[in-house]
Amino acid sequence: MKSGRRITYREAVREALREALVKDERVFLMGEDVGRYGGAYACSRGLLEEFGEDRIRDTPLSESAFVGAGIGAALGGMRPIVEIMTVNFSLLALDQIVNTAATLRHMSGGQFSVPLVIRMATGAGRQLAAQHSHSLECWYAHVPGLKVVSPATVQDARGMLWTALCDPDPVVIFEHANLYNDEGELPGDGDPAVDISRSAIRRAGNDVTLVGYGGSVKKALTAAERAASDGISCEVIDLRVLRPLDDATIITSIAKTHRAVIVDEGWRSGSLSAEISARIQEQSFFELDAPVTRVCSAEVPIPYPKHLEDAATPQVEGIVAAVRTVMRK
Amino acid sequence: MIEFRMPSLGADMEAGTLLEWLKKPGDAVKRGDIIAVVETQKAAMELEIFADGVIDRLLVKPGARVPVGDVMAIIRSSDTASVPAVKEPIRSTEPFGGLDASTVAPPSALPSSSAGQELRITPAARRRALELALEPASLLPGPDGIIGLQEVEAAGPGAMPTRAKGIANAEMRAAIAGAMARSNSEIPHYYVSSTIDVSRTMTWLAAENAKRSIADRLLYTVPMIRAVARALTKAPELNGRFIDGHFQPSTVVNLGIAIALRGGGLIAPAIIDVNRLSLDEIMQRLRDLVARVRGGRLRGSEMTEGTTTLTMLGEDTADWIMPIIYPPQTAIIGFGRVADRPWITEGRIISAKTVTVTVAGDHRVSDGRAAATFLNRLDQILQEPDTLC
Amino acid sequence: MTDAHKPKVHLSREHAINLLRQMLLIRRFEERCAELYGAQKIRGFLHLYNGQEANAVGVMQALTPEDQVVATYREHGHALARGIPAKQVMAELFGKAAGSSRGRGGSMHIFDASRRFYGGNAIVAAGLPLAVGLALADKMQGRNRVTCCFFGEGAAAEGEFHESLNLASLWKLPVLFVCENNQYAMGTSIERSESVAQISTHARSYAVPEEVVDGMDVVAVEAAALRAAEAIRAGGGPRFMENLTYRFRGHSMFDAELYRSKGEIEEWKKRDPISAFSSWLEATGLLRADRRKALETGVDQEVNDAVAYAEAAPLEPASDLTKDTYTPAGLGGAP
Amino acid sequence: MLNVDFAALVKASLFSVAPDLEGEAIDPDVPFRDQFEFDSMDFLNFIIDLHRRTGIAVAEPDYSQLASLAGAVRYLKSQIDSQGAE
């Protein structure tokens, strides 16, 4: 087996894009600054030179139109990858995504599929203030007709794109902005494609089930290490897929630990963690030895100054405190 | 003749108030003509007629509130290509053809919170307490006032038994109490008893135990169980079950043994097919049953397979007992305490170890003669203890 | 647009009768819908096409079965003119499983994959980006066909209208934009919603060749559509038609039409596209009076059959509720 | 087995039979059967455990002497002394 190699999350995304463009000529990348500029997070650097303007399309700042055009092109037999620079700008294209991409198949009585992949960066942590620090994955994970994934590791960033392109229905991929520079291990050989249906246990444990996704997974792992020195064994679950949710992995873990803490960078009210908490209560009520606890963003527009941004968003200390709470320590 | 009805003019319109008729009886009308004006919550709207003909009768006067679909006028149709009469509009609009509510599974019944003071116990702890036959109210909460798994495990038996799958005793006790009450009212009990000299059997047992290592000693209940099981084969009406109004005799003797519960109450799990077992096997089954009753780990089958039950008072307790049958069985055998009592043999009074055995029977199935047959057979067996092995 | 290179419409008798019959079918269909809505057989929102028949019928003559159509919520005329059977459209309005979208879409969401009819759309102007995308796919895969997108003048106020025209022009995409300017965006006349009342001027500002057409004259509409389609097929990029027309009924069923006068409606009714065309045909001898009556009877029968079909068709069982939310595994032509 | 705390030893055997008794006060002179649920099976298991701990096999006729804590302690002591004397 060829030994694994370490690359950054950004390089993993670029490799995935390049592989898709090579493997299927129907694939093309469309979005703001994806071509000449090489991508707002430099994920498509070099692709314009290799594949040309026809398949690496810089668009005007018309999110609704180019996302709508992506839907139309998918209907027309292409396999578009539409990059919306960040979830913050996707609000302008919500109507196209929700009222057309997600709805068309069911509403047309099954006549049309929309094989479209939409990628967008998400999350706070770089002092971009309220309008550029949103974490709205739960809005998309709320909509039937969409699949929503959140690669937290380099391996998932490398492997999810191709699987998403193979899916006949629209898939939305959220890449947390804080992950692009992280380095990670990629297996040496074999097909890098990974599934987009199951959650993964990143760390086994017996006392508390710690659930997180995207940028929150590494914080959960750090918190688990700290809790271990405190004699508490945490099992860390990386959701990977936000719709459909993989209840089984969570429920099985809680049958062992009897306690759950969910880390979610969205605002608490109506968040994805609220949905997960409700499902745990419905399916594991008699297994619970403590109320399901959530660590979410404070319900405020994310502030600009670092100390306030940190105070507003989930941090390792808060996760450790939540773990101690459910352990009644 | 065509009925002109109040049309629905919008998704949320229920009725309209007639402002004025624009046609009068006898007027000719053709498709598309406006024949009336009505007031709706939005604005005044003109009503169109979709048929050619002549106004016959106007049924509603201006100012009247007319629900959508009600008839307002009658038109004599002159139109040859008669427009198919529009069937009665569906009054209640059934969205989605009656969406089946079960698609959203309602949560199962909410666990009842304990009465009295506010007992803060977690669901997992409540379930574990039941498994360990521990009364939640009797458990000591942690410093935070909550009873969690750790508090239950601390109160439970020393060794942390693995998550046993048996029936929780508390539930079982409640179920049996119910059965007893029913039995007492539904089953017509008759009672027959006789006193038996068990000296030979007790002497035989003492000799047998003296030969055995201490761990292999037999309790005196073991030879009694053996004798009862064999004697029952002579009185089949005492060994079976009464279900749906008729008696089902059993080919084997599954003898229920009444065992005392820690928190009070009797439970009678059965030793299955006693007559196939050796004395040592009976002793082992008995020891196992007692341990599992205490640990709350009985199997469902043990509680339901019994064909007759044996209940025995301890050494210095009482002389005889009138027990109640465990439904759906049809008899129960009660042993008083074994003790030295005066006894007549060959005209002389001697001291002998005797016991009074009472048969309670179900008069719908058997009568005293069956009980007497059983008791005589039991007596004979207990006089020849070496046949017990 | 000078007359010099206006291709003449070759108006044979058979073609003329066909145009008239299609418009008549739409008119009777819509009138029957109004009645059925009053009887609560059709529910929800209903936007009728009476008066604008010439646009759908005229433009459809310039499209081939390979071309693609994107419409709006006032789409019965476009669906029927595109060839979707009246039975299927009516069954869809009744919400029956035999409807064009299995009864799930209703009046505003009629779809037909076999006829490349990519449906109505309840969101004003939301169809434009879709059409741009379909055309983009054709261009990238070397297919030479037209994607025709219908919308009202109200769409011009939406961002997507401007974004789509810019994209189509920027990338030279084969889109035929057809704006049916019926003077009123819901309850607001065009003077009160558009700084520039002539919508086609917007097209010019994105360098998209445009033409203003009399939307009450089916022959004029057909001629203009043929010209535009021909230019698009020649690789000339998008084209824009502004059809000046008028709707004889309210924006939707619950419209008291307080915003316009009776007189104005009567004035436009004098130019009813059906009666104007049929009297012109009779004058030129292409159409005999008895032939017109036979057409009317035939159309009435087709509409009655459609209603009977819709009435008898079953509802979709509630157990199918979530069916087709996602594509079943194995379908969808994975790459 | 000289200065063995016989009371603790007897209690240990008792608790092996009935663990839930641990922590409850046991009156040395009142027979076990009259203080808590303790039937013939429990008594036999108690005797077997005593044998395991002390090697003393209590004969059935002597059972009645071990009916209470004090009685059991006295019996065990007497057995030890008699063994010592042999």
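Labels for the chains are A, B, C and D, by order of writing; each one numbers its residues from 1.
As a working rule, a contact is a pair of C-beta atoms (placed from the backbone, for glycine too) under 8 Å apart; a residue touches a chain by one contact, two chains touch by 3 or more.
Since this is a predicted model, take the numbers as computed values, not measurements.
Novice: Sort the chain pairs by how many C-beta pairs are in contact and tell me the top one.
Specialist: Summing C-beta contacts for every pairing gives the maximum at A-C.
Novice: If you average the CA atoms of chain A and of chain D, how far apart do the two points sit, in angstrom?
Specialist: Each chain's C-alpha centroid was found; their separation is 68 Å.
Novice: Could you state the distance in Å from the CA-based centre of chain C to that of chain D?
Specialist: The separation of the two C-alpha centroids amounts to 100 Å.
Novice: Based only on mean CA positions, could you tell me how far chain A sits from chain C in angstrom?
Specialist: 41
Novice: As a quick test, compute the distance in whole Å between the mean CA positions of chain B and chain D.
Specialist: Here chain B and chain D have centroids separated by 43 Å.
Novice: Where in chain B do residues touch two or more of the other chains?
Specialist: Chain B, residues with two or more chain partners: not present.
Novice: Pull out all the chain pairs that touch, please.
Specialist: Here the touching pairs of chains are A-B, A-C, B-C, B-D.
Novice: Report the residues of chain A in contact with chain B in the complex, numbered from low to high.
Specialist: Listed in rising order, the residues of chain A that touch chain B are 258, 282, 285-290, 328.
Novice: Provide the residue numbers of chain B that touch chain A in the complex, in ascending order.
Specialist: For chain B paired with chain A, touching residues are 107, 111, 122-127, 142, 144, 146, 148-149.
Novice: Can you tell me which positions in chain C touch chain A when the two form their complex?
Specialist: Those in contact with chain A are residues 68, 99-105, 109, 111-113, 118-119, 121-123, 126, 128-138, 140-141, 159-160, 163-164, 166-167, 170, 322-327, 331-335.
Novice: Looking at the complex, which residues from chain A come into contact with chain C?
Specialist: For chain A paired with chain C, touching residues are 23-24, 26-28, 54, 59-60, 62, 64-79, 95-96, 99-100, 104-113, 115, 144-145, 147, 165-169.
Novice: Help me check something: in the complex, which residues belonging to chain B touch chain C?
Specialist: By the definition above, chain B touches chain C via 5, 7-11, 13, 31-32, 40, 42-45, 48, 50, 68-69, 81, 84, 86-87, 89-90, 93, 96-100, 103.
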